[in-house]
Amino acid sequence: MNQNTVDMILKFRDDRDWKQFHNPTDLAISISLEAAELLEIFQWSGTDMQCRDKLPHMKEEIADVLVYCIQLCDVLDLDPEEIIRTKMAGNCAKYPVDKAYGSAKKYTELK
Amino acid sequence: MNQNTVDMILKFRDDRDWKQFHNPTDLAISISLEAAELLEIFQWSGTDMQCRDKLPHMKEEIADVLVYCIQLCDVLDLDPEEIIRTKMAGNCAKYPVDKAYGSAKKYTELK
Amino acid sequence: MNQNTVDMILKFRDDRDWKQFHNPTDLAISISLEAAELLEIFQWSGTDMQCRDKLPHMKEEIADVLVYCIQLCDVLDLDPEEIIRTKMAGNCAKYPVDKAYGSAKKYTELK
Amino acid sequence: MNQNTVDMILKFRDDRDWKQFHNPTDLAISISLEAAELLEIFQWSGTDMQCRDKLPHMKEEIADVLVYCIQLCDVLDLDPEEIIRTKMAGNCAKYPVDKAYGSAKKYTELK
């Protein structure tokens, strides 16, 4: 994440004195709620959904999820890039290419 | 987002030929499910939760949310940083500092 | 809801002295988490999902959602049947048959 | 669930010819979205939330979750009461009173 982007998010929060509300539980709830607002765009859409019409709305909801994730990382003193890289290293071990290639199975079901 | 991090995520997907599963609906569902796994860490914790014990688990779940957001941005051809900056500009207009300072109210309830 | 079923749920809770944990926030979180576990059954399934294979798992997750709803109703002193009937009466007003027939639109978009 | 209540829900759906939209995936998504709307009432509320102010809104959202659960049961040909009773029997086995009494631990963590 570009430091300017992170700074913009944290400055927005601090300019409004909102850090007092940003306990981890409420931020985790907020991530979940924004994820639901994103998912709502796809409700009743079946397979015929014309994504493109909904793109402006999707952009906003994906951004909301990302912004709350960055705010949660800040209060927990985590670096978003670092936790992603660590998780991806774990995923590589759980999903070896030769077993996972072309398969949507969960790692617990791979043989 | 550092380009190396994004590349690591997309290479992981492409090495396993998983882009075929990555339609926007299933990615939006996945973001919502990972957000729930993050929230589950806080279930029944009340206000006494000792976050620090749960930090390793939180890191993984926040990372999962971020990874699926980046994958959804990729299939929709969106730049994560750009949609965040656009959203934050909108938030600044919706939540003027003088009205929103120190208040947890939604912008529709600010006076 | 049959009173025997409600009684079974509340007796289960009280036999274990769990009412102390059942504040409305944690019950609302729990409903959301169980709904996510239900949704997870459909992740990556596309349109070809063979529901029937997953039916035993679905039964459990739908039951979990219902059980937490009944427990939340209990702590808020609500009657599940009554709130459903009131809501359905409201839905009938929001979605008049002549406008809503065969349409998946939200009531705010009906003309 | 009282048969009159179930009938009211299904009649509402059928009067509007909406069964065509009620595939299990979209109903599972809908349950998750309504659960998020319920949870949203508790966002930023901390422990001081005055539930009573929010009760009319809660009633509506709990009802929405229940209604979609009943609709999902209908398309999957499940009896809500029966799946609840089966699940509760399983919960009794997973959470024996002597081990689970007064404990908020998951059954996998009980000793």
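Lettered A, B, C and D in written order, each chain numbered from 1.
In this section, a residue touches a chain if its C-beta (ideal position, glycine included) is under 8 Å from a C-beta of that chain, and two chains touch if they have at least 3 such contacts.
A quick note: this is a predicted structure, and the numbers were derived from the prediction, not measured.
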item	value
Fraction-based call for subunit D against subunit C, same above half, different below	same
Chain pair with more C-beta contacts, A-C versus A-D	A-D
Length of the line joining the C-alpha centres of subunit C and subunit D, rounded to whole Å	2
Distance from subunit C to subunit A - Cα centre to Cα centre, in angstrom	26
Residues of subunit B whose C-beta touches two or more other chains	21, 29, 32, 35-36, 39, 42, 44, 46, 104
Subunit B to subunit D touching residues, read off their complex	29, 32, 44, 46-47, 104
Subunit C partner contacts - residues on subunit D that touch it in the complex	1-2, 5, 8-9, 12, 15-18, 20-21, 24-25, 28-29, 31-32, 34-36, 38-39, 41-42, 45, 49, 51, 55, 58-60, 62-67, 69, 72-73, 76, 78, 80-81, 83-88, 90-92, 95, 97, 100-104
Interfacial residue positions of subunit B with respect to subunit C in the complex	21, 23, 26, 29-30, 32-33, 35-37, 39-40, 42-44, 46
